[in-house]
């Protein structure tokens, strides 16, 4: 079994400098802790709570930034939103990500699969974990089985999410690597009226609980000044807290993988 | 205040004959009961639970069927799934529908609004009813305020939905007409493993409860033989039960509109 | 089929004068509207959110107040909390009520049944509506089948409840009369930290939706000045709003009972 | 910081021999692993799903069994259901337990506190974790601050529960030791119609996730043949699986306590 992969970066790409700064910090922290690192950044927030929320750099500018991060020797991941974008995005990134709300859009899944790139699907907030086998099968029907499945919380009342730890081994039964998105899972969707609220202090709690189960990776959004981030600030982890967090997660990962659960 | 609108039809368009038969039956029933009728039919089920589920006629063939229903003098509604489809679909239909899972996709909402057609947005299973004001504002930003907002249930545990009657007056505060989708709200999403289950016997319950609150319309999927329908059979109403249901809903509509709630 | 019963009164009994004033107002309103009236008042709030909340008059003083209301020719209902209280309470009241959180306590149900009084059980916030058949069977095992089953909302995330209209006909399948508690169902349990919040403006919404389904009765808490009530103020209906509400509910009741649902 | 406490035993006490057998096995396993052990057994299942479910030995016989386990040098815990039972039960047991459904019954909490025994309160399935501060304050008002707070899952749709890992550090902010009940949290309440279902295979998942957060203890029900247990069989852990589970939990406990979370 492999060591933990850390998929991390800002919620949205802001600029080349900003992305390089974050990628550099995270890359060093992962190297120091023995984690594999994948840089994450979005070029378009296509489903903001409100129209007043910033959408980001756009595909062209965003892919240039991701290309530059790749040139640092780092694998990169981004999300996309329409089937027609798949090929162009996959020409740059290592991992295409399917947003949670779109996880059942058949054409998007097929387009992602057809690129041959790895595909990370976020489990919809409306979906039970057993349902991800059907989602993965849509991608696998293209002959591409480089699939990752990510938990990011399930709708729990209004403006609430809950992360069910059972979902991780249930999704693991598909045989695909399972990732815990610990920062989106602590969001309060729409909780601030025009944007989402969140409890960033609990992201390390969910990350550790999940890693202790022996999962493949953890997904964390981070910012040097979360309260000024253009999106998802309330649930992002402060960049300066990431090295210690990654180091402690690696300790739990080693123990978990030495003590596999049989579920 | 206007009388109740009934948006109804099969889950997916199956053939011209089938659509005409259903449209004819429903049109007569609505005329007899004094309800306004809008025919509903999907040309593509773009987010089936599993890849093995039938997707439907496709856009080209589906729009031909809808054109023929229009030629019967009936307004028609269909859902679409990508911004690029909006204009072509709007060249045929009276009402463009935004699927629940896509209700926060900004580009889809803007594309719908830009056609100038009426736009019916299903509230996402993951969204609180107050959040629909932000959704409507995205459409209204195009200068199109012919917007309808539809309740179709909120995620309630795994494979469950619950229809909160408070959502109807809450969405009504936007000033836009509010619709109750009483058949999707009784589905058990993914509950049969490869497809959704449902409790069609409770669709009239939710429809009546909602209509008693004085809403603008009710959305009902129907089939002459629901157990053999290509999708959503478990929660569709038998076509032969529709006339009596519509007639009784009209009685509650009249009473409700004579006794408006002030919320 | 019988006309609607209105079970109503303050959340907690405050004094004889206060109870008589409320009973008188409600009794007149029900008589004018043609509804059957049952006065409701609690002598002990045994499970307040916090120790600082007022518990009430206590059993002895409370039963005296209820006795006086009975002397006005009105049937009375109160809740009790321990098996040993059943007989004494039943010596005064017409209907013993089992609190929602206690609805599975076997000894309490058996003690209530053994008195021979009518027993109204609130469905627990943690219970599915099908489970109420097991609850009723515990009472019926005593030979007492004067049982009423009340919906008052189901846990929906943290500090939230949702009233599922399907629960009413599901509970109705037991053959016992079904009641909608429309004021507790709009509470936010614990939502104010030391006490519950609520949205009293939606109580008439839930009441009307439920009554339109043809249920036996509606349960409403009321106060002449809800914002100063010792408990449950945020979700109680202003006493001066009750006559018009009862009158409109009766209109929906008549229509519902002329158009029975077959579920 | 102290090492992990394991509170474990059968759901209900069946006989002296049975209790001694289980206590002996668990005591050895805990000693071998370095865990502190508290024996758990119920003398009365006072809120079975249905009247047909076995209630148990009763208080008198049950306390004799617990006395015998105590004579083995082991601390014992049991739950009680009415204030009047508190003193007698506390004359035998080390820890009085408040059942989840009764966690807001003020008199029960006060009676437990007044005994001076340690009091373990299960968080209600209907309660948010912040609300447990109010619950603990009721007990502490008696001058007894030997309080433990236990997570056992929150209502999640019908017949479902979900264990929110955030609840553990939230309850920990009270300063009282926090316990994870990993077997009740995998139950499906009422899921089998006349009794609860469950997924015992996920109890070790929730136990490990919780222990990795550095909690005080874990609560586990166990049986040598869970499928024949008189209650809660579907979610109990096989006794023969307990030693390895406890040993692995201790490894996570040591790592967690060497890496405290700061929430």
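Should a chain be cited, it is by its letter among A, B, C and D, assigned in written order, with residues numbered from 1 in that chain.
We adopt the following convention: contacts are C-beta pairs under 8 Å (C-beta built on N, C-alpha and C of every residue); 3 or more make two chains touch, one makes a residue touch a chain.
Keep in mind the model is a prediction, meaning the values are calculated, not measured.
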| query | Count the touching C-beta pairs: is A-B or B-D ahead? | reply | A-B
| task | State, to the nearest whole Å, the distance from the C-alpha centre of chain A to the C-alpha centre of chain B. | result | 33
| query | If you average the Cα atoms of chain A and of chain D to get two centres, how far apart are those centres in Å? | reply | 35
| Using the average of all C-alpha atoms in each chain as its centre, how far is it in Å between chain B and chain D? | 47
| task | Note the residues in chain C that touch 2 or more other chains, in rising order. | result | 154, 156, 158-159, 162
| Arrangement of touching chains [line / ring / star / complete / other] | complete
| request: Flag every residue of chain A that touches chain B in the complex, lowest number first. | output: 46-51, 55, 81-84, 101-102, 104-107, 124-131, 134, 137-138, 141, 154-155, 158-159, 189-190, 193-194
| said: Using the touch definition from the top, list the residues of chain B that touch chain C in their complex. | reply: 154, 156, 162-166, 168-169, 186, 199, 201-202, 204-206, 208-213, 248, 251-252, 255, 259, 261, 263
| Residues of chain B touching chain D in the complex | 156-160, 162
